[in-house]
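What follows is a set of structures to go through.
Here chain A shows up in two complexes: once beside chain B, once beside chain C.
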Partner chain A sequence: MATNSAIAGDTAAPEDHGSHGEEIAGHVVLLPAQVKNTLVDSTSAGSSRFMRWAIALSVLSVIGIVGLVLKFLAHSDDQTKWGYTAAVAAFLLTVGGGAPLVAVAPVLAKANWVRPLTRIASAFSLIGVVTMIVMIPLVAVLPPLVTEGARRRSIWFESPDWTPHTFIFLAMFTLLLAGLGLFYTTALPDFAAMRDHSSGWRQRMGKMLARGWVGSTVQWRTLRMRIGMFGTFYFLILIYVHFLFTSDFAMGVVPGWRDAIFPMYHAMSSIQAGVAITILAAWAGRRYLGLQDYLRLDQFWSLGRLLFASSLLWIYFFFSAFIVFWYGRSLADIAWVDLFIRGPMIWAFIPGMLMSFVVPWWWLIWNRIRTSVDGPAIGAVIVLFGLLLDRMRIYVSSWSVPPEEIHDRYLKHIPETVWPDAFDYMIIVGTTAAAALVVALAFRLVPIVSIWQTQEYQLLSKPVRYIRGHGVLVAKPD
Partner chain B sequence: MQQRRVIDQVETNRVLLNGQLDTPKWWLPTVIGLGIVVIIGFVIIGFMVNRGLGVTGLSRPVYWGLFITTFVFWVGISHAGIMISAILRLTQAEWRRPVTRAAELLTVFSLLTALIFPLIHAGRPWRIAYWILPYDFARGIFPNIRSPLIMDPVAISTYLTGSTLFLYVALLPDLGNLRDRTQGWQKAMYTVLALGWRGNPRQWKLQTVGGILLSALMLPIFVSVHSIVSWDFAVTPAVEGWHSTIFAPYFVIGAVHSGVSAVVTMMALMRWLWKWDDFIRPEHFDALARLLIVVATAWLGFTFLELIFAMYSLDAPEIALRELQIFSWPWNMMFVVFLMTGYVIPVGMWLFKSVRNNIALMFWTSLFVNIGMWLERFMIIVPGLSRRTPFVYTWDSYRPSLVEWSILVWSVAWVTFLMLLFSRFFPLVPLFEQKESQIFVDRIKIGRASVPAILREQE
Partner chain C sequence: MADRSILGLFQEAEPAADAMDGLARAGFEQGTFDVLTGTPYPEGAFGEHVPQHRLFRFPAFGAIIGFTTAILLTAGTQIAFPLVTGGKPILSLFAMIIIMYEMTMLAAVIATVIGIIFESRLPNMNPGAYDERITEGWIGVVVSVESTRAQEAESVLKTAGALEIKHAS
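And now, the complex of A and B:
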């Protein structure tokens, strides 16, 4: 081994033999077999508690679907009643769409700290199944491009009347497929591990899904290439979905609202939500599955920094739009400020702003908070609530505009506040529970922390002496 | 991807200080040539100030033209420093090391140049003071502090101050090095500038902490500067094509695109002129090109959004403007050139590793980007003003005069002149970064493979 012996030459000596991994100078050394056994066992850990949670979430999911059906039967002809459903769909897209990027982007940037988190992050693409279900009635109540003999403003210009309805469905389905592809591809070696080292239905499922994976050189090369391709494709299609969703389900239903930054604001806050949900799931995995040696402080610290940065970006994108409307003072600009800021949803705007930016910024700015496990997790919960309120502000306000005003050049009457009804509560709670259930079920099939990524991480990092202290030599393969 | 060879510290000093301790032969004639261009430029500026803006092509309704375009262009170039230096430092990107000094310098000198343009654009530069200070108490006329035109100089001055400080803090160890290797007045100068640098652990710690803190502090300023420049336009609903919410991030990402490309151009020149092949290697160009592919694609996405939502409005004047920009001569030609040089040609070429590792091709493609980005600013600013609108009794296409073109050429010569002057007294590649990189880079043997690795201090 060619080492730079001047300073970082020798491997540091073990200092502390923990019960799980061997800790050398703050760096936990785990043997490949140890990694495999612990993580395979984690899929069946706490079975009885999991069952109780799964039953509760299933019941809530059914309530959510019932709420969705009942609402459609009661209000399919009244677009103004669907704001909260649109907000929930947007929130699920925000969370489930953004999380897989946490798995992709740092890997492309060769950041090794993200390796234990890739499974968690990519699993949230499964939420897309729930989003698609919520989208069914929502697409049905979205007005066509031509209503009352006139064509409304849209990115589709002169296309056939039902183009947005078709394309958003196709785009979201493609996003779901790309997310599933990413999740499945990154999990392939772990399915093989489940096949070889678990028992019962997990073993059978592992055998079926591993598709003859033996870990040959060709298979590894193909796997890496597929991860890169799926990651890039997922990112591109995610941006496209946000573009379609925001322009068709928000801007398109408000007369005079022209906001070129809005799709990017939506996509950016999706990344913020993705980071937040990944922190939260990692925190749960660490706490309830005993994976302290795998989901370590380094992961929370790095994610905390990302959450901090994305919270700053949230305010930047928001302010970039706000200042233009605020200074513009045209009738359309004033209507935007009246509708989305000081209008009917001010109750959601103020706490949403506080929880999406002000509080997480002030909380995560402190080094001691970021360099802890609980600190970023608390920040993540705050951000997720903030973004839910933000989506309500946007979509409830947008959908509350009466359809007969859709052809005006700008919004002339600011609608009254629309409060959630019983169906809305059922849908919000039920779909959120369904999303949690889908992800939880995935982690019974395949470990929450990727086995092969962790093993590779162990190979790529080595504790060394550094001057009078210690350092870690981190390999960056091409 | 490590093409480095082990270079000891003596060799590093000898090669990287060759500009200061042993002036290259080409340096003096080049500086004299550029100096002549700079002097001619100042004479032309003086002529314009003396005669008034009538010598330019500016006239109603196009009152913002080539000067403001060039101002935005140089502010954009200034984003190179913080993007390369601060962001890559915070993310611990190892390949940044030979690039940082040049990028920071480009920031400082391009900002200095950018600041000159609004001054000369005002026609009577001394009257700029009236923008900054309340002057007419009797009539109650005060500068509107809420105006982006007031925020602009504040943001740019803050950015300039911060960037200069950032550059200086990173320069301290090298100044200490130069002090110990020079005699006479040069030694005296470096002694004063080095601020007693001895390289003890406390000084290193403070220098590192200072660098990180400044990086973090500069980031919001870096974003705010070009955002505020964009709001000069975006908060004006009266001009079609300007009143867009996307302008702030669109300008910032465009600035990063042009700034990083300018760094590539500069690195190629540095490698050729000072023969720093061991320090500025193809792998650095490769990394910068990869970064540029991402940045340029994001920028193209913003361009698309800006265009599509202009059409989305279905407002007749807005659509007429886009038709003018894309289909009417000479704007259509400029639009094609801007798109081809700003994205299609360079990014298309950077997709190939052989291009990313070819210094000459990287030099030319990065130059292309900045031609395209200058045109982009011109196409944003001028067509919206020159379009015939209701209640406008005069309209015409804007043709920049020879005076304006000369001042544009002067600005390029001026920045190059300042860079060359700097290179005579200070190293363009940070020595301490190079020496540190020799220590931090290592390899790990995994099976039969030897993988490049980087040492990270344990937190």
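And now, the complex of A and C:
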């Protein structure tokens, strides 16, 4: 067994000391029964307030579904009306797809700070259900590869006409399956804890989902391996889904747009959004579920650094793509700049860029902001709004190209600005609410912070004196 | 044939490890006794028998099936409808890779999900002796024995310091 020591030093902020666990040299020592009680109870905390929120989100979700249906009935023959729906699908994929990577990558690197966050991060894979619902009408209105005898340029070459429609849906399903597998596998021991220590419907659900988990050697061993496998699969599929989504729903419907960097830009901003939504959910868990001993400064500080780094990557990828079009000066390149930068969606481009990069960069660059709980959370809200605007810029512009022009060699006429209609507002608000509802419901079934991973951290760490300071000694089993 | 399950409950890890050692010394076969925990202790921490796993077989098998199906689908389509595109060969690998990758991953993930059911021994229809305190930090040492050796197993668990003994058949 290798060991690793993490020096706590003076990192704990004054606001972080209101703990319920015993604090030794800046390290909160929590007993297993205490962890179990607090986290099991957190699933039923604030029931009346949760009920009010759940009802509100449910109503909005229904409005979103109604909006989707009405829009399909009204505009199923006009692709140019679906830009905002494509943008919201891309946004849900960006946010829900990226978050589980926060549960995977640091764990594979044996980072201990991430243990209380893995449940939060993996639960966002459930948003995939909502994304797939939004995708149904989108796939239906996406033009086939061949229309009126002309085949548009795409990654599908001479494939049958409906190939992109089939495979994007299949890819989304694969991602959802891998995400559900990751979520369920990591939650399995906690379902057993819910079976053993909760009551009512939670206990019944825990019993059903725990499938006879008793914590035997074989079960723990397979659990570890499964988490590794699903994590790896998830990452491999997520990158692929971003590749397909950007190719079919953006580049494939804009004539002359050929950009090898764009899919990676899309995937990278998904990681940025995933970090942001994880920070936000952890902030809410800490504030509203009283989990200060579990979601501590260390988690926010570490995620704040990741958010800062991913915001820098945003501008790197954006600029790498932009500079090619800017200096390319071919007719296709000029059309790209006119459509996506200074054209009809400039109102989304400027604030989107400010909120995806400039403001979070300036905000998170300060140590005092990063080493706080609220600072990264404010940065996360800004980033999420920025990415929503960025997705609108990309997908509303792309889908505004008339279908009769998507077979051309380049875009000859820049479309007018498309503003959202009433259906779009219903869909944007409703599907976002549905995504929030799905995740919130998951945290009523299983604790927002993993019981077994918290106990594992407590088992493997202990506070020690280090010369004249103190630190936390963390064992890292090979 | 083991017909009884005996569970010794411990609050500390050290006596639980002593119980595992005691059972091995008493001649109970490896695999007939195991440790139950609510937290994943490092492998081998209790001196427990760690069985060989075959986890990689499920995703590998699924990936092979998905990959083969994808090759048949893409190659079959291109051979059935031979269209020369941009002077490239009829069987163009780069056009096939997209579908091959997707179907390989899909089949691998589905097989992994199926694998959970088999390899994790879930659903566990007869979990044997169990106690709810295990999920709040207690440690259980469970032994599957024939009735004739039940007393002996119980004695080993008690000697090691089991705070409570539970039986199930």
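In this text, the second predicted complex is superposed on the first by the 459 of 478 C-alpha atoms of A that agree within 3 Å, B and C clash if a C-alpha of one lies under 4 Å from a C-alpha of the other, contacts with A are read in each partner's own complex, and residues count from 1 in each chain.
Criterion: a residue touches a chain if its C-beta (ideal position, glycine included) is under 8 Å from a C-beta of that chain, and two chains touch if they have at least 3 such contacts.
If you're wondering where the values come from, they're calculated on a predicted model, not measured in any experiment.
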Quiz item: Can A:W452 be said to touch chain B (first), chain C (second), both, or neither?
Solution: second
Practice problem: State whether A:G375 touches chain B only (first), chain C only (second), both chains, or neither. | Solution: neither
Quiz item: Which holds for A:P344: it touches chain B only (first), chain C only (second), both, or neither?
Solution: neither
Practice problem: For A:D259, decide between first (touching chain B), second (touching chain C), both and neither. | Solution: first
Self-check item: Which of chain B and chain C A:P477 touches, first, second, both or neither
Solution: both
Practice problem: In the overlay, answer first, second, both or neither for which of chain B and chain C A:P160 touches. | Solution: second
Exercise. Scan A:I323 for contacts with chain B and chain C and give back first, second, both or neither.
Key: first
Quiz item: Where on chain A do the contacts with chain B and the contacts with chain C coincide?
Solution: 1, 155, 157, 459, 475, 477
Exercise. State the interface residues of chain A toward chain B in the complex, per the touch definition above.
Key: 1-4, 6-8, 25-27, 109, 153-155, 157, 239, 243, 247, 251, 258-264, 301, 312, 316-317, 320-321, 323-325, 327-330, 333, 371, 459-460, 462-464, 466, 469-478
Quiz item: Which positions of chain A touch chain C when the two form their complex?
Solution: 1, 31-33, 36-37, 155-160, 167, 170-171, 173-174, 177-178, 181, 185, 188-189, 192-193, 196-197, 211-226, 229-230, 233, 236-237, 240, 244, 451-452, 455-456, 459, 475, 477
Quiz item: What does chain B use to touch chain A in their complex?
Solution: 1, 91, 220, 223, 227, 231, 234-235, 237, 243-249, 301-302, 305-306, 308-314, 438-446, 450-459
Exercise. State the interface residues of chain C toward chain A in the complex, per the touch definition above.
Key: 34-43, 48-51, 53, 55, 59, 77, 81, 83, 85, 92, 95, 98-99, 101-102, 105-106, 108-110, 112-113, 115-116, 119-125, 127-128, 130, 132, 134-137, 140, 142
